[in-house]
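Pasting the structures here.
Paired with chain B in one complex and with chain C in the other, chain A is shared by the two complexes that follow.
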Partner chain A sequence: MADKNPKSVSAALAAATCSLLGSVPAAPVQAAEEPTWDFNTALLYYGEDNDRVQDLSLNILARRNYVDDRSLTLGLTVDTLTGATPNGAIRQNVPQTFTRPSGSSAYTVPGGELPLDDTFKDTRAAITVGWEQPLGRLWKTSIGFSGSREYDYTHLGLNGSLSRDFNKRNTTVSAGLAVAHDIWDPVGGTPVAFAPMLDVGDTGNKTGSETKDIIDAVIGVTQVISRRLLVQLNYSFSNSSGYLTDPYKFLSLVDGATGETIPRVPPPGAEGPSHEFRFENRPDERTKQSLYGQAKYYMGGKVLDASYRYMTDDWEIDSHTVDLRLRWPLGEYSYIEPHFRFYTQSEADFYTISLVDGAELPAFASADYRLGNFDAITAGLKYGWKTRSGKEMSIRAEIYQQDGTIPGDLLIGNQVGRETYPDLDAIIVQFSYHFSR
Partner chain B sequence: MNRTRIVSVGIVGLVTLASGCSSMGVEPWERDILAKEEMQLTTDPIEAAIDDHIYFSKEASSGGRGFGGGGCGCN
Partner chain C sequence: MGAPDSARAISVEAGQGCFVGLFDAMASPCEILIESEDRELATRLTRTAADEAWRIEDKFSRYLPGNVVGCINSCDGKPVEVDEETASLLDFAATLHALSDGRFDITSGVLREIWSFDGGDHIPDREAVSDVLQRVGWNRVSWRRPVLALQPGMEIDLGGIGKEYAVDRVAGILSEAAACSVVVNFGGDLAVTRPPQQRRAWRVGIEAVSATGGKGETVLQVRSGALATSGDSRRFLLKDGVRYSHILDPRSGWPVEGAPRSVTVAADTCTESGMLSTLAILEGYNAETFLDGEEVKYWCRR
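Right, the complex of A and B next:
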């Protein structure tokens, strides 16, 4: 073989001569490995039915791998959001008019329909920077920064983690800490708690920006059980303090007997709400805890990925999440992966659907459906394939459905039979492309 | 009470798991399957991040696998 290539013959001769003479070759014997880049990119469409939220999202995660397992990770996400979202008010048999969050105009929802605020439009850009490296033979550490910006919201966060391998690297114990400082700067200002919705142009119920601070801690164990089975168990603690209210959501103020929203007539010449609405108010602190378990099991080429999470918080929300994925190879270069997820949560202790006129105001109240009692399922399929040059692509399509119930004791008078949880149907379509260079 | 209980259960669980784990596992030359890309805990970091973000925006729970996520107004 070698004699077909004069260059390799001369190189071999030179090397042999060097070694005979005991001299050191100019180039190092073991060349340093070149750093490589891994790019994970994805384009996502998330769309809810009934013209509710639509999101088009571009995601790029670039990872530069250095020798000795050190790596730098850079992430960029750009989301374009449009659509309508439930504003918190209950249905009425007559049309309802609401002042927009900006306070500069109003919108009207037809009688019998779930009130949606259709002014939802935002662009969100988020970046992440992370550095990971081993510390000695068994320890590994990482530090990271995250930041995001929307028209009305800014997030800044720092995170770090430390892990150590034990037992021939079959056991890994890890601990992580993340802190974040987020700033709300709502369109039209932050509403005062339980303040009434005012006429167009009247900003007497709004103040400036608000902040919240979040601390997250995670400790976990990853364990190799056998050649085919790997499990992970995590305990997480999260504390948020500051402004945790949604500044765009409010509640209907209703008659204690009929359950109908109290009508309101804007002054002559003014445009404004047709009924009495009060901005919501949530506690300024929340502590969440969760236990998370995940298993990966290899079955003759197929891989089952199963996880379960139990979460509980001091808003009295408990949730259970089960997530199952089965990666099923189709030949050497492609696979399909069915995905099923089930989620269920109980409502927050201050979740309600309306406030009663004349009754003493509760300390906290929100009609945000995301704090209500509901189940959700996700079902989907992913198809992935690899090109001969090693590039990987995948496409996934999923449906996401929320199905909730309003606890019967929250319904007053005519609300019984008319008010239903704003169920949600959404689709998720994603194309991913992974390559290295 | 609830908080103390779950912390205790979590810590006892992790310690039990860690101590019970010393007899489990594989030898270094038996890692052929575990080294496969599809056997990593997070096979697709972007998809994991996207899912965390969607569910954070639509549900009252977040985190578990990693940090709580967030960083959005998420109407």
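Right, the complex of A and C next:
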């Protein structure tokens, strides 16, 4: 029986039973264990080098399974972010002083160093609620709500999905839709596009809160190829509109010949920026499309999980992601899983590293390193084990390396040869614990 | 199917929001749960259920010399023409034999002449096994519906199908006879006629290890469909520390190695549940792999 197609025996058996009993079953089977709560908990640490972002995140996902394949999922995530993040300004050989986003004080970065804003500190709480249930024998549906709150940002979202099985359940076609409404309420107000950074206490460059709306749609097909191979293909579409700018990021205003940032002297008695900085401005709409393919291959207990994603958007960012995992059992109760991920993206069409003094302002500009051209590698190992009472635990350790390249035509004068892209190294450690009650 | 019980009586008790009809058939305690407040209806349904169970037992028990199975087994190789119902069961057995690559075989009962699974330590010698094997194998019989011819010395035993078949037959009859939800439970093999109205689901205890690892009795909730359990939790041989399961592989004449102690399968009908759990046990060490591949809900105890 081992080499036949999946479910071949049960399908043939159903037909034989039908002719034995001379009738078809009145209703499909609905049987399950008494409802239980399944808990998936995880504690994750993400730490960037050089005192940049540190994130400690606790995630609890509780799922209650009901007898007729309905289930309720409740999720809670609490995040604590601390550390410093690049503010968008370029390095200078002299110290640079910046007004903090709150507008209530200033900070100075020594000469030669990458300007980081060290006020980055936030606690985020997020909840999700989901309900999943079959609709008849072949259809399945889910609806969900998500919400999160942090000091300066609120997210509210709704999602739903529908799937149908075909071909003796060897093929599943699914479609999903999610909408979200997010509200930015930045510390010290939302900067006016390209407004200059002002002295401490001067809020003439700030306005109130901003919003953005996001629609995500995905259609996909999952196909059982054989008992060993499962493949999945997804197409997704995402549209964001509204305020897509990062209110804490700005650009250096530089001399068109030397590439050095234009100095500025605060009025007597005032504290303020030592150079000219302009708040960034991004388009108010972004449309992303992506294709995702995944294959899971089972080889005598080992599972190879390989996936590839291609993403393209109308900001001209194209990205490719390759992700490989191999789950290797060590006896009956434990396994190790090496993981490797490669990511590469091209820069956004309005990505630049500085604005030129006296030149006409572009429509949009951002020096956010996340919109630049970079490659990233994630490599790590997970070890998981199961206790005799059925509790599952795992520990995962990974390193993340991000390496950027600034296109040569964006560099002016002395910027050439100065390290301007903020490369990034990070480690990720996660402990997960799964149990039922 | 065991010997017919001499005391063929039914009783009906009031349960929690249902009536419980009780009787014995096929060497098992049989229970009919009826979601109704009408004791008369419950009594009538229990009577109908018991009559059908006893009819099937009388017709197919290998312990009754005069019935169709006795007739086939005692005719010493001569062809026997069988009735429609028996023919359907034989067709079903033939399909199972093919689906299981010969692991499921209704002619394997004669192996019990040399194997007795009483918890003792008597292991037959190899010669005795190969001698008996000469009289085992569905491929050795001639079956052209409605005529069956065994070779001399061969026997058939429908015990591996009979109880599940009886559960489905009774469930079918009770489903026609009453609009309320009824559970037909013959010694742990059960079917539900239609989803209950007054409760979300019927609760059924099975002796198995759940997927999440809890040991002991697992309580299942069943709204519709059927459950059946196969296993050897009480019937085995123990010799030199080796546990021999009572599940014999008819191709070798020896017990299946690495068989789980019990497998419970949920499927649309009790016949399907019972056959899938039996086939899983016959797969031995690969029982779970087989069931995973069939994508059925199951609870396996090792």
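Criterion: the second predicted complex is superposed on the first by the 403 of 437 C-alpha atoms of A that agree within 3 Å, B and C clash if a C-alpha of one lies under 4 Å from a C-alpha of the other, contacts with A are read in each partner's own complex, and residues count from 1 in each chain.
Here is the rule we go by: a residue touches a chain if its C-beta (ideal position, glycine included) is under 8 Å from a C-beta of that chain, and two chains touch if they have at least 3 such contacts.
The shown structure was predicted, so the numbers you read here are calculated from the model rather than taken from an experiment.
Engineer: Taking the superposition on A as described, I'd like to know which of chain B and chain C A:Arg227 touches: first, second, both or neither.
Structural biologist: Both partners.
Engineer: Between chain C and chain B, which one touches more residues of chain A when both complexes sit on the common chain A?
Structural biologist: So, of the two partners, B touches more residues of chain A.
Engineer: With both complexes superposed on chain A, which partner does A:Lys296 reach: first (chain B), second (chain C), both or neither?
Structural biologist: first
Engineer: Would you sort A:Thr36 into first (chain B), second (chain C), both or neither based on which partner it touches?
Structural biologist: After superposing on A, A:Thr36 lies in contact with chain C but is clear of chain B.
Engineer: What is the contact status of A:Lys121 with respect to chain B (first) and chain C (second): first, second, both, or neither?
Structural biologist: In the superposition, A:Lys121 contacts neither chain B nor chain C.
Engineer: Taking the superposition as given, does A:Arg169 touch the first partner, chain B, the second, chain C, both, or neither?
Structural biologist: both
Engineer: Output check: A:Gly390 vs chain B and chain C. Expected answer is one of first, second, both, neither. What do you get?
Structural biologist: In the superposition, A:Gly390 contacts chain C only.
Engineer: List the residues of chain A that touch chain B in one complex and chain C in the other.
Structural biologist: After superposing on chain A, chain A residues 169, 227 contact both chain B and chain C.
Engineer: Contact residues on chain A for chain C in the complex?
Structural biologist: For this pair, the touching residues of chain A are 1-2, 6-7, 9-10, 12-14, 16-17, 19-23, 25-36, 38, 66-68, 169, 227, 386, 388-391, 436.
Engineer: Per the contact definition, I'd like the list of chain C residues that touch chain A in the complex.
Structural biologist: Of all residues in chain C, those touching chain A are 88-89, 91-92, 95-96, 99-101, 165, 168-169, 172, 175, 193-195, 200-201, 203, 210-214, 218-227, 266-269, 271-272, 275-276, 279, 283, 286, 289-290, 293-297, 299.
Engineer: In their shared complex, at which residues does chain A touch chain B?
Structural biologist: 40-42, 44, 46, 53, 57, 59, 61, 75, 77, 85, 120, 122, 124, 126, 146-148, 150, 152-153, 155, 157, 159, 166-171, 173, 176, 178, 180, 182, 184, 214, 216, 218-228, 230, 232-238, 246, 248, 287-292, 294, 296, 298, 303, 305, 307, 309, 311-315, 317, 319, 321, 327, 335, 343, 345, 348, 370-371, 376, 394, 396, 400, 402, 424, 428, 430, 432
Engineer: For a test of understanding, state which residues of chain B touch chain A in their complex under the given definition.
Structural biologist: 2-3, 6-7, 9-11, 13-14, 17-18, 21-22, 24-28, 30-34, 36, 38-41, 43-47, 49-50, 53-55, 58-68, 70-73, 75
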